[in-house]
Every structure is written in structure tokens, then in C-alpha cells.
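Presented below are the structures under discussion, each in the form of C-alpha cells.
Next come two complexes, and both contain chain A; in the first it sits with chain B, in the second with chain C.
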Partner chain A sequence: MGSVLAAASPSPASAAAGGSPGVPGLGSVPPGFAMPSVSSVPAASDQQTADADAPLLNPGTYEECHRKCKEVFPQQMEGVRLVVNKGLSNHFQVSHTVTLSTLGDSGYRFGSTYVGTKQTGPAESFPVMVGDMDNTGSLNAQIIHQLTSAVRSKIAIQTQQHKFVNWQCDLEWRGENFTSAVTLGNPDVLVGSGIVVGHYLQSITPALALGGELVYHKRPGEEGAVTSLLGRYTGDNFIATLTLGGAGGHATYYHKATDQLQVGVEFEANTRMQETTASFGYQLDVPKANLLFKGTVDSNWVVGATLEKKLLPLPLTLALGAFLNHRKNKFQCGFGVTIG
Partner chain B sequence: MPEIQELSPDAGPVSTRPPEDEIDDDEDEDLDETMMERLWGLTEMFPDTVRTAAEVSAQCSVSLAKQFYSFSRAALWVGTTSFMILVLPVVFETERLQLEQQQLQQQRQILLGPNTGMSGGMPGMMPPAPGKM
Partner chain C sequence: MSGAGAKKGLTSGVMEWVGSACKFATDRTDFRRNLLVNLGLFAAGVWVARNLSDFDLMSPQPLT
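For the complex of A and B:
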């Protein structure tokens, strides 16, 4: 009796425990549980409900394919940044950012996030409205809404003081084993210009996903299109992605060596600027020391690192960053404190 | 009998030295030649090929030494700064973590130490159950 129960329990338990990325067909995943996708999870992004019995899962979105490797690399920091995050309720969150910079402008930025009441998954609710405004009056705003169970739309606006710089509308359709998206960027009916981007990503096998992108831009007097193809292979503890297109090629490799160490290698070739760059990045996560360290070495003789440390018991996070360009002999460092 | 000519005191200086000293005489009088030139002159005894080979190898080794010196300077700088940025913070933090853990362990030992010392010192008290069995 005991052995029968023991044999029956592991399958939903292991599925509920979150399985491993890229291993589909775990059997009975109870509906309402989102299978954690391969890429990382900011609040309003791309977790999907896996179809329990299909051998092929939804491959995620086109933009996400390179993201897992990109996140291993540190961001260049300059100047001082103070961020105060405050959650006012379950649905509303506010952030104040003060940036003091030696190279650019110093300023204050106010941001707010509203998460709606329509819950589609354990970590997702829609609509999501994110906006932030600068002290000069520049606004960035995004509205993301799940129109039906498979269609998600996003509208984003960016202004520079009072002038509209970017306005785009995005529609994404997630099928059983494919994702397609159409983005309309800066459409201007009066002038007759705009950019249309179409993405398509299909799961071929549980580990392999292939896709393509078509960018069509039109201005009064000229129009053009750029296409590119994408292939992504997911292994046990690695993800390899390759993008080849008219604008060049981009290959990334992400490897999870141990629980603490993640490694990423990126190779980028740009046909317009006729240059290639290879970079190596690593992320070291030591939760016992509340430490997150990211380092990178580049083929342009650039060495950089970022260190984030949680100063418990206060809800403070200290971030230190340093980037050194050996070839040009330029050094940039910065630090930031995040409260909340 | 040969006649020995007697010179009058007004005759002036007469060279009375034997002929083989003339060569030394010329060398000693020629003070324009420096020590380096005399040493350099010694090299002229080697054939041309040997001289050019030695010259080329000397120049090569000097330029190689200069290049190696400047390369090692640059490499040392690049290595040190890259190590400082990429590795040093992690080393500091892991060392700190280790020290903290050691401290905690020491504190625990101080708390529980005497107890373990006592039980170690009195082995007879410890295994009564197996003895009873």
C-alpha cells in the first residue's frame, strides 16, 4: 500500500515543484500551474500555461531567446543612483529614482506600476500599466493586456519632454507550439511612414525552436525590409541561440555550470559597421553571503564587473559597478542603493 | 780602425734608437686614438660574416629585450587591473563569509565545548545501554 502511494505521488509533486526547463511532457501538470519557462520572469512577462498532453510546448517569445544569456552580463554603471521602491497595495507599486551622473544629466524619475485584477496565472495578472516620468517631463508608458487566453497586446509610448519619440502597438498570439507577434512602430498616417515588425517562433522538437523576423520600414521616398532567422536549442543545462539576418549575425550560449555559477558567451557580427565582438560573461550567486556578482571580458579589451549585496536586516541593496576599457584607457565606475 | 766620430755638442738631437723601436714609438705618439677605437680595431681580425652576424644578433636581442620589457609592463598592468575588477570582490566576500562561519563555529564550540569535553573525559558513563544489553 505504501509503495503504491509512493509511486503515484512523485509525478504531480515534481511537476508542481517546478520541474526543469526544457523538459516537456512531465505528464500530468494540473491546469492552473504555469510551467516555468526557460527565461527569467519579470512581473508581467512571459509565463505560459503548458498544454499538458502536447509533446511540444510554446517556445516563448522571439525577443526572449537571447535574454537568458544577456542577463548574465553586467550593466555598465556610472554615477550614483538611489532607488526607493514602495508597494502601496497588491496592485500598485511606486518607485522614486534619483540619479547623479558625471557624464550625463542628473535627475529624478518617478515610476509607477499598476497590476490589474484579471488573473491568468499564479504570477501574472492583467492589465499591467507601467509608467515613469522624468523631472524634465519625459514620459515612458506601457500598457499590457491579455485580450483573450492566447492573445496579448501591448501599447508603448515614449516622449522626450513634450515630443513623442516612440509610439508602438504590439499584438502577440501564443499558439500550442508556436508564437507569432506583429508590432507596428511609429505609424504616421499623415507623413506616410512607419515600421512593421513580424515575428514567428515555432517549436520543432522539445529542444529546438526555429523562427523568423521580418522588419519593413517605410518613409516618404524610401522603403525597405530586413529579414532574419533564429534558431534556439535547449539542452539540459544550456541554451544555444543563433540569429542570422541581413543586419548581421548574433550567437549566444548560456550554460548553467553549478547552482551558483552561470556562464554566457556571446558573439556578434555587424555587417553595417563591419565589426565583430565576442564577449564572455559570468554570474556568481552566493545567497549565503547575499551576494550577486557579474563579470565580463570582451574582445574590445573591456573588462567589467557588477557586485550587488543585500545589506540585511535592512531592505537595502548596494550595487557597485566598474568598467575598464584597456584599449582606450577609460574607466567608469558607479554605485547605487536600492531601498525596498 | 774605424774612426769614432766625435760629435760636437751643437749637432742637435740625433736619433740613436734601434730600428725596431720605431714601431712602438709611432704607437705611443698617436694619442688621438681612444681606448674604444683600439678595442674596435681588434674586431677587425674576424671575418666579415662573423662581424655582421654578431651585429645583427646584438641588435635583435636589444630590440627584443626592449619589446619584452614594454610588453611585460603592459601585461602586468592589464592583468592586475582585470584581476582587481573581476576576481577580488568575490574573494573578499567569500573570505568574509568563511571568517563569519568560523566565528560562529567557535562561538558554538565555546557554548557546547565544555560539555563535549566532559563526555569525552568520562567514557565509562557513555555507553551504559550496550553494556546492559
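For the complex of A and C:
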């Protein structure tokens, strides 16, 4: 996770062509952060003894709970994307991205990733600095650093040309069997506005983790808070996660059927927008054919798929994607090539 | 006579309930109806994932 390649921007084949990357720290996997592993449940006859004896492990972060299921689903692709990745050293990597799009903006984006020399684990090194800028001057940047063995900090900024759009700082404390994090978003002392987000996730048993989120926002003349609760159950080959809050609910189920096949099912309900969606996705990984296929179908009559194929021995990856919205009668397809 | 009238009332009540249930089930703009439908789809998806996804893609082809 701390290597240059692992800390690189997300693969272009997995992102919509022509669109700017998501707000730093609010959607992508930050380098240096590890995924919680799918733990095994002991045999039924020894389960109680095993549960009593087994130490509770750190449950990972709040944002990662739904990620395993989300990664199974294909990303929408539109237009043409060419990405060239080049590692300049063990610590530094650059990338060049050219996008051609009919729906969004076409342009060029330069990205760089630096991974420091402070090694905290077998695959983690800090500090990690990731940044990219497009041809209009819009910048996305984040810095992640391990302050102590248990405390990690991150600063992320996003600009739109010369104007700062997002700036946030967060602090994460990983205990023996819990994780807590505080994020300060867009603080503006002069105007008196900002957002504070607090997360807490606790391992209750080796399989069950419970947590909560509190979001407090303030701006002149208005302030409010939203809370939500999260529960995650990890089985032998599945992870079930449920989030319930004032704004709605979100449930995901991830199932690893075989080494090649992973399935994800998702349910979302938004009480403010009065909308609900159920989605089914699967991922087929055939390493012998250097092939990765993802497909999805949802309750809004949207069917989509992406295909990634490594064209060995060339350092080329080809990505094709198509999405069809039957209800709105819309079709979208994309094509991407990654070199390096 | 009153028994027949009560029976008629019961039948019309049941018909009314069936009618409103059909209206609820077919009203695509109703949030609660969509919530129940999508919860059912989610449960069906979980059942499919747990029971119908254990085929081995890399197993050798059977001899014909």
C-alpha cells in the first residue's frame, strides 16, 4: 500500500472518462490505508471457546466498511482515455492522462505520487503525497502521514482553477480493537462555517463490529447535525454491512463465491429524495487469461459491464465499458488504454 | 336477512382491501412500495449470491 504503484491515482479504467477525480479523501482509497481482511469463523463446536479466547482485532476504518462490496461493481465509462504511468524511482511515480469525451470536458491531467522512507509495515511507507492537475489548473492533492504508531493524519485540498473548493484535515486513531477519526472540512474562521465529522468503529466480537458517525455542519444562520449507526458482520466468505441514519439506510452484502467470482448486492434508501435502489453486481477474475470482467444490474433498469484485459507481454491494459439505461433509453460506452 | 347483509358487507370490505392493495402494489411513485420492492430484491440478491454462485469456472470441461 505504501509502494509507488499502490499509491498511484485510481486506475483510469475504473473511473468515468472526462470527469475530475472525486474530492480527495472522500471517495478514493487513500494510500497507506489497509483493508480489513475477511476473517474465518471457527468451527461451531469450538465457537464459544474461540470467541472468548480470540483477541479482538482492529476493525479498520468507518469508510472501508462498504468498500469491499462497492469494488465489485463496474464504474461507468464514457469517451476515450489514454493513461501513461511511469515510475521514476522506488519512491516517485508520474502519470499522464488524456481524455476525450462527448459529455464531459476533454483535456490533459498530470499526476504524481511520492512515497516516503518511513516504513511502518511490510507494505506501508509514509509520508505519502498524491497530487494531480489538469490543463485548466485545477488541483487535487493529499498528504498522508503516520504521526505515531496509532495516529495517522491526512490533509486534502481541491481547487477549481484558482479557487479553493475543498480543504479538509483528518486525524485517525487506531486502537487495539477500535478506530476513531475526526475530520474537519472546509473550516472558515472569517465566515464562521465548517463541517466536523466524527467516526467510531468498535470490534464487539471477532466477526461483529459496530460504529457510528456524527456530522455537524455550521454556516452563518444555519447549523445542524446528522448521526448514523453502522453494523458489520464478517463471515467465512462474506461481509454484511448495514448503515442506518436520519437521511436513510444503506445495506451491502459481499460474497466471495470462488477465487474467480465475487458477488455484491446493495440496497440504498434516501428518505430526503424519497428514492430507493437495489443493485446486483459480480466480478469475474481470470488471471490465466489476464481478464477482469464486472457486471451490474439494478432496480432502475440500468445494465452495465466493464472488461479489462492485460495485453501481455506489452505493458498495456485495455478497458471497455458500456452502460444501458432502459428506462431513460440512454446508452453510454467508453474505451481506455493504460500504458505502464 | 341481516346475515346476508353482513356477508355482503364483509365481501365488499375484502374487495375494497384487495383493490387498495393492488393500487399500492402498482403505484410506482409510492416511496413505501418502492422500499418494500427493493428490500425484496436485495433479499433475493443475497439468496442468489449465497446459493447460486458456487460454480467453479476453472474446473476441467466434462468429456463428451
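As a working rule, the second predicted complex is superposed on the first by the 286 of 340 C-alpha atoms of A that agree within 3 Å, B and C clash if a C-alpha of one lies under 4 Å from a C-alpha of the other, contacts with A are read in each partner's own complex, and residues count from 1 in each chain.
The definition used in the following text is that a residue touches a chain if its C-beta (ideal position, glycine included) is under 8 Å from a C-beta of that chain, and two chains touch if they have at least 3 such contacts.
Everything numeric in this text was worked out from a predicted model, so none of it was measured.
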(message) By the touch definition at the top of the document, which applies to A:Val286: first (chain B), second (chain C), both, or neither?
(response) both
(request) For A:His326, decide between first (touching chain B), second (touching chain C), both and neither. (result) first
(request) Would you sort A:Leu171 into first (chain B), second (chain C), both or neither based on which partner it touches? (result) neither
(request) Answer with first, second, both or neither: which of chain B and chain C does A:Thr258 touch in the superposed model? (result) second
(message) Once chain A of both complexes is superposed, is A:Ala150 in touch with chain B (first), chain C (second), both, or neither?
(response) neither
(message) Looking only at chain A, is it chain B or chain C that touches more of its residues?
(response) C
(message) Which partner chains sit in contact with A:Met133 here, chain B, chain C, both or neither? Use first/second/both/neither.
(response) neither
(message) Shared contact residues on chain A, chain B side and chain C side combined as an intersection?
(response) 284, 286, 288
(message) Quick check: in the complex, which residue numbers of chain B touch chain A?
(response) 78, 81-82, 85-86, 89-90, 93-94, 96-97
(request) Can you check the complex and tell me which residues of chain A touch chain B? (result) 284, 286, 288-289, 291, 293, 295, 297, 301, 303-305, 307, 309, 320, 322, 324, 326
(message) Please output the residues of chain A touching chain C within their complex, sorted ascending.
(response) 238, 251, 253, 255, 257-261, 263-267, 269, 274-278, 280, 282, 284, 286, 288, 299
(request) Within their complex, state which residues of chain C touch chain A. (result) 31, 34-35, 37-39, 41-42, 45-46, 48-50, 53-58
